[in-house]
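Structures follow.
Two complexes, one shared chain (subunit A), two partners (subunit B, subunit C).
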Partner chain A sequence: MKRILIPLAAVPILLLLAYGFWTDPRAIPSPLVQKPAPEFRLTSIEAGAPFALADLKGKGIILNFWASWCYPACYEEAPLLEASWQKYKDRGVQILGIVIQDNEANAKEFMQRFNFSFPNALDPGSKVSIDYGVYGVPETFFIDTQGRIVYKHVGALTPALIDQQVQTILKGS
Partner chain B sequence: MRQRLVLGMTFASVLVLSAIAYAANQQALEDRVRDIASDLRCVVCQNLSVADSPSDLAKEMRNRVREMVEQGKSREEIQAYFVSRYGEFVLLSPPKRGFNLLVWGLPFVAILVGGGAVFLIVRRWSAARPGEQARVDPAYAERVRRELQDRTP
Partner chain C sequence: MIATLGHFILFLALGVSLYAIMASIAGASPCRPEWLASSRNAVLVLFCLVTVAIFLLEYALITSDFSLRYVANNSTRASQVQFKIAGLWGSLEGSILLWTWLQSLFSALVVARGSASDRHDPFLPYATAVLQAIAAFFLLVMTFAVNPFAPLFPVPPDGRGLNPLLEVTDMLVHPLLLYLGYVGFSVPFAFAMAALITGRLSEEWLRLTRRWTIVAWLFLTGGIFYGGWWSYRTLGWGGYWAWDPVENASFMPWLIGTAFLHSVMIQERKRMLKVWNLMLVTLTFSLVIFGTFLTRSGILSSVHAFADGPVGILFLTFLGLVLFSILGLLAYRADRLKGHGELDSVVSRESAFLLNNVLLVGICFTVFLGTIFPLLSEAIRGAKISVGMPYFNRVIVPLGLALLILMGVGPLIAWGRASLHNLERNFLRPAVFALAVTVVLFALGIHSLEGLTALCCAAFVIGTVGWEFFVSTRTRMAMTGEGALPAFLTLLLRSRRRYGGLIVHLGVVVAVIGIAMSSVYKLETEATLKADEQLTIGPYTVQFKALRAAEQPTHILVWAALDVSKNGKPIGELRPGERFYPNQQTPFASVAARYGFREDLYTILSSFERDGSSATIKVMVNPLMAWIWLGGLVILLGVIVAVLPERRLALLAARRGAQASERSPA
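So, the complex of A and B:
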């Protein structure tokens, strides 16, 4: 009896350790998914035009947080963002870029380098970044036509992921 | 003339007093911001609180805490705001409920179980000693006794 009891006592501890090792410590689910996207009002870098979520009701939105110092991930996904904008801009999708902890000159250089033609804005005081619970760059939020966050992606985007998420955010309309 | 002096001094002391009051107020605000921020995790650091991290994002998060304190928000409301954006991960000490209870409870369970085991083992050791004499083979004891007797002249 005693011989079985001691190894048996180790079982719950092993299970707990197994649970701990199998969960990915980097995967922190965003509590914002399935919630209404937090509002913001910024000014776009190129046009100096107002840049607000409220003005885009009824559109599917890809909200991308980036920075010119974010190398290589932001440099990898930048051409893809512009290509997706060209592909989806006439199909009810709006791509917006929010630049994190960066200055206007560096941001402009980055935008010129990748020929960004979708609106981008600086985030003074990181207010919008904190509102969206952003940890680092790049992070991308897919917002459906009802203004609800459907998916949050951490790290560089892939074409397949964008195509799939665009289907999801446009489904409601 | 004297009236003007009194008026001037009153004015000066009011000015000094309000400056002191302002400074004390500011200090109290900073202390409160620090207190709340020390329970929030700096999300871009390794095990640092928002109060202790020199990173830009932590600085902006401290500013947000200060803003909310100035708006009269309670500690719970501020924590709830950060949890609603970053998840429970943002709290340096996990709330005491659900699965998290394991984190809070297991150390005490381990101390109790370990202490109990040590107690039982020590008791068994000390209980074993008086019985040792009785375990000597009676035939052997008899032989020792006889031989000792033979040797004594």
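So, the complex of A and C:
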């Protein structure tokens, strides 16, 4: 009678594999979440002004990594970024764009196309991207008022996600 | 037109395969020859139908008929014709069609061979039914879930094309080898199932499938080696194996298949391990399906993964069916599966083989655990943890070394009970040889413990195999008065299976030497250089001259011109670069290397300034890398020796003998 139980040996492994359908293999957790955001000091493309995390203490920061060659995801989320900037800039939120592996002319063209009015900077030698462990573009880091990374998003942003994360990063103040 | 016709043919093929299953079961017991003949015909018709389907899809690919979604997704007008053809296995739908075609081809070969022999083969009907059931599953997947002939409207002016990484000649080889290996293992699986169903559990089914198993193993081995070679030359990270889930998915059936190839010898000789062999061969096939599931379900992320979709569930269901029927049949036949005989002594060939099996299965389990660990940890603790190279290397290297030593011991130690005299005669000299080699290598400056251990084990295997060849050749020369070469060749032909196996072992050893040396003594450096600056690595000096760019037919290539010199002498220019494709987000590496027997100089352009002022270059010196690929070729040679039909080899030998006698008077 016990023999009938032998085939049941296959059940746990099948269950485990079936569980895989409910997970997202592309969600790569960042070890930086809940840690202080790495510092950087760059020069913004438009104004040539200094562009540093240290100068923005007390603000909630949305740090977006993009590139003009990143089609279509960056092109999809660009209007949303600008809209969010208009919506939140007076509420203690700073949006920063860091341009990955791109040249200034293409980046400027991209910024004009989407009327970017928040500061953006090139990342020479990809130093900042490496510090943040950027895996691909676009990626976005939400940094709270204490300078801690609260959330990392891979891929294009959505309005609901931005609204929700802005709530979180401003909660600390 | 093609869309409708193709889909219709797949439906028809599904019907035929279902009929073949029924007909072969109906004719099996009691034997009804007319049903069996009918099922045989159905198998052949199925093969013709799937062949027509393949031709239709290839025709659409070659003529760029973008009214098929699959064609639009996997080829462009500009592609060269061989890559249009390769589009067939470029993504999910086509690869399943190819699989089905191979499955139907192998079934047709099995029934053709079975009906050529006069003797009634009791396994054949059930084996046919199992093979047809597998084909029916794949046809079901295509007709209902991922139709390769799905139409596309409006018809786009041009297709998207393959991923640029796949538009290389290797794409024509590596996937085909793997598929041949995977599908090949379905034949021994089908015969094992037939043995369980019929209850004829003697050694008969092993004999019937021995050649299939070896050939499937060869294709799988070839596919794995070729994949490593491809990855090394083109992916641009300087390695050949990354323990990626899909690589593991091909490695696991290989490990269990290897264990099976060895343990059948014990069953043939000693009639032990019946259940074990059935488990190994069915496990091999289950792992093939598991690997297919991993690649196509999208539950683990991997460079090899196809898009996800409803097929994941279908494959999981199929895997479940396969596992339940295997375990169910094993349980049903448990009474008849008692082995005969037992181990006479711990020091014997049987126990060496057993240990070999334990190690191979252990390695497989380790790989399995590492592969599904992210899933396991997420299911249990909610945290996604990947285990990478360090885990695999730490666990598998010691097991692999133990296996290496057994490779020297197993083929020479006596069956039953090895006497002290037997041990001394076979192993004293090789052991001394291995120690001597180790001392010499140490004196030559190889001081790494891992490196020395691996090389010492390798030398031991070479010693045992060499000694075995030497002693047997000498004995034969003394007996027959032949010259050394004829005596050696005759030996090879007389026991091809044994000596073919030993040659395969030598190939593995050569590859292991390459793996050990290239991983322990690899040099690697990375520097950002301005024009005319240089870096030194080992004996090489690499000078960055300038950054250049050129427009290629499908992409823009940016490359760094590097002047390379060795020990101060200029030896030429290398041009590592990056390829930018218009419809790809990230650039692709273009590796530049000088490959050599002793070492490879391997350069990669990591990044560069847009104005061309500087470039970051990664340079590696990989010693003895070529030995890995050479080892693969030796394995191929060994398998050919082991499986070539008797008559062909005798003919070759006769011709060689004739040539030798012609030459000797002159």
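In this text, the second predicted complex is superposed on the first by the 163 of 173 C-alpha atoms of A that agree within 3 Å, B and C clash if a C-alpha of one lies under 4 Å from a C-alpha of the other, contacts with A are read in each partner's own complex, and residues count from 1 in each chain.
Please note the rule applied: contacts are C-beta pairs under 8 Å (C-beta built on N, C-alpha and C of every residue); 3 or more make two chains touch, one makes a residue touch a chain.
A quick note: this is a predicted structure, and the numbers were derived from the prediction, not measured.
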Mind checking subunit B and subunit C on superposed subunit A, clash or fit?
clash
Which of the two partners, first being subunit B and second being subunit C, lies in contact with A:Gln101: first, second, both, or neither?
both
Once the structures are superposed on A, label A:Ile130 by its partner contacts, choosing first (subunit B), second (subunit C), both or neither.
first
Comparing subunit B against subunit C, which has contacts with more of the residues in subunit A?
C
Contacts of A:Pro7 with subunit B and subunit C, given as first, second, both or neither:
second
Once the structures are superposed on A, label A:Ser30 by its partner contacts, choosing first (subunit B), second (subunit C), both or neither.
first
Applying the touch criterion given at the start, work out whether A:Trp69 contacts subunit B, subunit C, both or neither, answering first, second, both or neither.
second
Have a look at where A:Leu17 lands relative to subunit B and subunit C in the superposition and call it first, second, both or neither.
second
If the shared chain A is used to align the two complexes, which stretch of subunit C, 187-195, 205-213, 313-321 or 385-393, clashes with subunit B?
385-393
Both partners, subunit B and subunit C, contact subunit A at residues 16, 29, 101, 125-126, 136
Looking at the complex, which residues from subunit A come into contact with subunit C?
3-4, 6-7, 9-10, 13-14, 16-21, 23, 25-27, 29, 69-71, 73, 101, 103, 124-126, 136-137
State the interface residues of subunit A toward subunit B in the complex, per the touch definition above.
16, 28-32, 101, 125-127, 129-133, 135-136
Residue numbers of subunit C touching subunit A in their complex, please.
293, 297-301, 312-313, 316, 319-320, 323-324, 327-328, 330-332, 334, 372, 374-376, 378-379, 383-384, 528, 580, 585-586, 607, 609-610, 616
Can you name the residues of subunit B that touch subunit A in the complex?
43-44, 56-57, 60-61, 63-64, 83-87, 89, 102
